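Okay, so subunit A shows up in both of these, paired with subunit B first and subunit C after.
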Partner chain A sequence: MGGYLSSRLFYYIAAFAVALTFNFLLPRLMPGDPFEIMFAASQGKIQPAQLEVLKEQFGFVSGPWHVQFWEYIKGIFSGDLGPSLIYYPTPVTEIIAGSMPWTLLLAGVSSFISITVGLSLGIFAAYHRGGKLDSIASPGLTLLGAFPQMVSAMLILFLFGLHLDWLPISYGYDPDIDAGWTLEFFLSVASHAALPLLTLVISGLGGWLFLMRNSMINTLGEDYITMGKAKGLSGRRVMVQYAARNAILPVVTAVALNIGFLVAGLLIIEMIFNYPGVGNMMLTAVSGRDYPLLQGLLLTIVGCVLVANFLADLAYLWLDPRLRKS
Partner chain B sequence: MKSIFAFYRGNTPALMGSIIVFTFILLSALAPWIAPYDAEKRVARGHQPPSAEHILGTTRSGKDVLSQVLYAGRISLTVGFASGLIATVIAVLLGVTSAYVGGRVDAFLMFLTNVFLVLPGLPLIVVLAAFLGEVGPLSIALILGLFGWPGGARVMRAQALSIREKEFVTAAEVIGESKWRIVVVEILPNMVSLIVGTFTGAALGAVMGQAALEFIGLGDPNVISWGTMLFWAQNNSALIVGAWWDAIVPGVAIAVFAMGLALLNMGMDQISNPQLKGSKNLKQWKKLNDELQANRKKKQESRKIAGEVVEG
Partner chain C sequence: MSEQSVKQSQPLMDIRGLSVEYLVGDRRLRAVDNVSFTINKGETVGLAGESGCGKSTLAFALTKLQKPPALIVEGEVIFDGKDVLAFDEEELRRFRWKETSVVFQSAMNCLNPVISINQQICDVLRVHNPAMNRGELQDRARELLRIVGIHPDRLNQYPHQFSGGMRQRAVLAISLALKPQLIIMDEPTTALDVVVEREIMDQLSELKEQFGFSILLISHDLSLMGEITDRIAVMYAGKLVEIAPTEDVLFRPQHPYTKGLVNSFPDLLGEKKELTGIAGNPMNLFNPPAGCYFEERCPESTEQCKKSDPTLITLNSQHKAKCHLLS
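So, the complex of A and B:
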């Protein structure tokens, strides 16, 4: 168990190091003065004395690259990612902390819905293979899942947000309402999250269903399933506790491999619905050439993806007792 | 001709995918002849709804949407296929080398692959493109290709490893054939369906990646591609002012082409992994297997009887 987790952790640390190196090298590989490139958008906003401090913090010191890299790493691990240039002098960490909850809300709720509904449908479709649900829902939802999220987001925005005008199409909540623990605020947040969530669930459902169904079909051929049936166990028990319990393992592996792809979709959907999360902030940073903010966002997103991967590893460990013993 | 027919029989996804993809290739190739207007010129008033004159309407700046979407296909398809090719070549090189050389090289290459596999591609690419400024189609193809290989490399390695253990490879080694010849003549031909599958998968990722980058505004806005069409539509608030055709047409083009590639990918999966085929074929296989087994039993029994007769 310790061996499995520590080898996985090693990958994640290495991946984070790659992201750090990427951030460090990018401005230095561009033609021109790297510091001026990074802070080009700050013209006139930041005092020269302040700029000198930032120069040191981001590792733009004189000396060979490894010295610069060491300064850069020290700066990052002090927990200060510098100021944003668009929203100067707000620190990057504060902006990220403000947009992160929105992204986590979308990611959490949409994953919960697509996992529970997708897995149940997949189990049912496999157990009643060739039935009505299987022959309609399985190919239909799989095709929907292959539909590019950018396009489905636009179609949903146009149909439900504009044409039918049922739900709001931008922001996280109605700006006329004060944020707080009130029912009104809660309802506003829910209605603003509805369309992005719908897009995410529609595109995520098919994948879970498809993976679970195929994995179940393989499992249902095993002898212990026949044995369970022969013992006279109820169909429900065989389906859930015998087949699904074992079929879920390859699904977890496949999903862990897809986390990066899921994040990409999430970012794009936030941009289209002008939702105040990390993805939309990334768009703002790109168009304002706010490189400190952009780099901070990149590190945060990579960090979150690695944590999500680690959680998937833990889930796998929890689901597969064989790994725990060896 | 016969082999083509046999290839598509019983593989509906591959057939449908091929039809869609080839239609798109044909339409893009013929764009200069079939496009009704010059895609880059203002030919009518802005945001005209679809009509007999402009079948798919016009953009905000009065350009014909149909002509634009046809010409845009040329850029989007080229970028998709080019970066799919780059990613596939890297995946094959790394995967097969890793499997065939083994040892430290294998450990190092797989470490690299696993690290890049857990890194989210799109955010990295967005930051890279933001530093480069506006990136043209060529740079986009290169960047997406260089980031698109890890998944493929892992599958290639697994497949190459299993083929390496097969008798015909051992036979070739015993005969004394060179490593190169074994890789090129014995191993690679057995990976064709997997290689084509990886290519369609990588091309699919690239088409979406390009659209995403250009939609965000990182592409060259003067190039006509599906992504920049979406970028202009979004910039001009096409959906909000009611000019749905301006945004929906390039969107649907991306979606249908992506579907075609995804179907082709599914079809290739079916060839490399026949178990995924529908239950119908599985039933046939079971029937065959049962018959085979019954035959074997019969033979064994008759042999037994024959033996008894001889002994007696």
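So, the complex of A and C:
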């Protein structure tokens, strides 16, 4: 057990180190120094001396690369990612801390719903293969999931947000309402999250259903399923404890492999619904050439993906006793 | 041993005219064709035949465990006066394992890999005896492992921590959990080496002495059967071709197929002789001939064999065979 976990942990640390290095190198290798842009944009209001001070403040110290790298690493581990250019002088960490909860809300709720519902449907569809649920839900949800997320987001936005005008299509909550632990605020947040969540759930359900269904169908052919039935166990116990319990293992692996794609989809959805999360902030950072903010966001996303992967590993370990053997 | 138990025979499971078909596209393949025989209380019946002859299909059908596209098309399985094949889902669920447990062909694969042996013993105990409390379940589970020669301390381990032989013992323990009257064993030792096979078979004989259950042992290994069965039924191409007390089958086989089967195995104690085997391949069940199914491979076939399929002929009270040459 320890061996498996520590090797995984080592892998994630290495991956994070690589991400850190690229995050350091990319803006320095890219043509178009952000400070030159600022300098040009200020039209002479910034003196070259001031520019040097600014550079230092952003962590772009002069000196050989290894010195710069050391400064960069020190900055990151002390939680200092420098100030944002667009929202100067607000620190990048503060901006990320403000947009992260919204993204986590979308990611958490949509994953929870689409995974639990999708897997349950997959289990039932496979167990009663060819039945009503299987012949309606399986192709139907697959069709919905086959739309590119961008297209389904636009359709949903147009239909429910504009045409029917049922739900808000923008922002995290009604700006006229004070943020706080009130029911009004909570309802506002829920209604604003509804359409992005719907998009994410609809585009995710079919995938989970099919993944689980196919894995279940493979598992249902195993001898231990027949033995479970021969033992006179209830249909539900055979389905859950014998079939689904085994069929979920490859699905967990698939989850771990897909976390990166899920995040990418999430970012697009946030941009379309103008949702105040990390993805939308990234769009702002890119269009404003806010390198420090962009770097900070990328690093945070990489960190989140790695943590999610690690959690998937833990889940696998918990689900499969064969891995627990030291 | 065989003579005594056959004499005081009291039927436990009576299989009457059982036929199972596989639906392949729009064609039907008859894998078990009108098979009838009886398993008596305390008796060990062997079911022999080459691969694909329908032995396992028959075994699965006895407790309605056949999987689609297999379909029971006719027949009855009378157990304790009731037709198992007429049971509804709930009756079937209660009947399974309580009265008839099954030891599957691949002990390696028939234990659920993600739950512990303890859970796999307790779930079957609990579902059939809802009144048992945690302590009683644990005691019984430990006792079952002890019975089959596994140290009870290994109760909470998982199948992958067991060797092949131990897994087969664990399956045996589970099959004994509810003290069933009949255990159906589908090639229980195929995956094991001969030493482990010997140990398990010896243990099985002891347990049978102790608990008095009946066994339906499915195998293609006649020498294994010779040691523990009272009677042997031989199947060919889905049909029962001969059934007789073990000694008769091994030393006085009547059906040409049984003769071929017996001659395919070396005799360790007897003099050296050439093994003849059976020429040809198993027939294609999609195009069954009008005559005897074995005619094509039969060294003794006659014109009549081509024309009509023989019926099962009673040679004496214990011995039946399905061959024109015997009529």
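Methods note: the second predicted complex is superposed on the first by the 291 of 326 C-alpha atoms of A that agree within 3 Å, B and C clash if a C-alpha of one lies under 4 Å from a C-alpha of the other, contacts with A are read in each partner's own complex, and residues count from 1 in each chain.
The definition used in the following text is that contacts are C-beta pairs under 8 Å (C-beta built on N, C-alpha and C of every residue); 3 or more make two chains touch, one makes a residue touch a chain.
Here the structure is a predicted model, which is why all the values come from computation and not from measurement.
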Superposed partners subunit B and subunit C on subunit A - clash or fit: clash
Subunit B versus subunit C as contact partner of A:241, first or second or both or neither: second
First (subunit B), second (subunit C), both or neither touched by A:101: neither
Which of subunit B and subunit C A:222 touches, first, second, both or neither: second
Partner chain(s) touched by A:230 [first = subunit B, second = subunit C, both, neither]: second
Subunit B versus subunit C as contact partner of A:263, first or second or both or neither: first
Which superposed partner A:321 touches (first subunit B, second subunit C, both, neither): second
Of subunit B and subunit C, the chain that contacts the larger number of subunit A residues: B
Which of subunit B and subunit C A:298 touches, first, second, both or neither: first
Of the stretches 130-138, 148-156, 238-246 or 274-282 belonging to subunit C, the one that collides with subunit B: 274-282
Those residues of subunit A which subunit B touches in one complex and subunit C touches in the other: none
Residue ranges of subunit A in contact with subunit C within the complex: 222-224, 226-235, 237, 241-242, 245-246, 249, 319-322, 325
Residues of subunit C that touch subunit A when the two form their complex: 60, 63, 65, 67, 89, 92-98, 101-102, 104-106, 109-116, 123-124, 127-128, 158, 160-161, 171, 174
Touch list for subunit B against partner subunit A, complex: 111, 114-124, 126-128, 130-132, 151, 208, 211-212, 215-218, 230, 234, 239-240, 242, 244, 247-248, 251-252, 254-255, 258-259, 262, 275-276, 279
Partner subunit B, residues of subunit A touching it in the complex: 11-12, 14-15, 18-19, 22-23, 26-27, 30, 37, 129-130, 143, 146-148, 150-152, 154-155, 157-158, 162, 214, 218, 257, 259-260, 263-264, 267-268, 271-272, 282-283, 285-287, 289, 291, 294-295, 297-298, 301-302, 305-306, 309
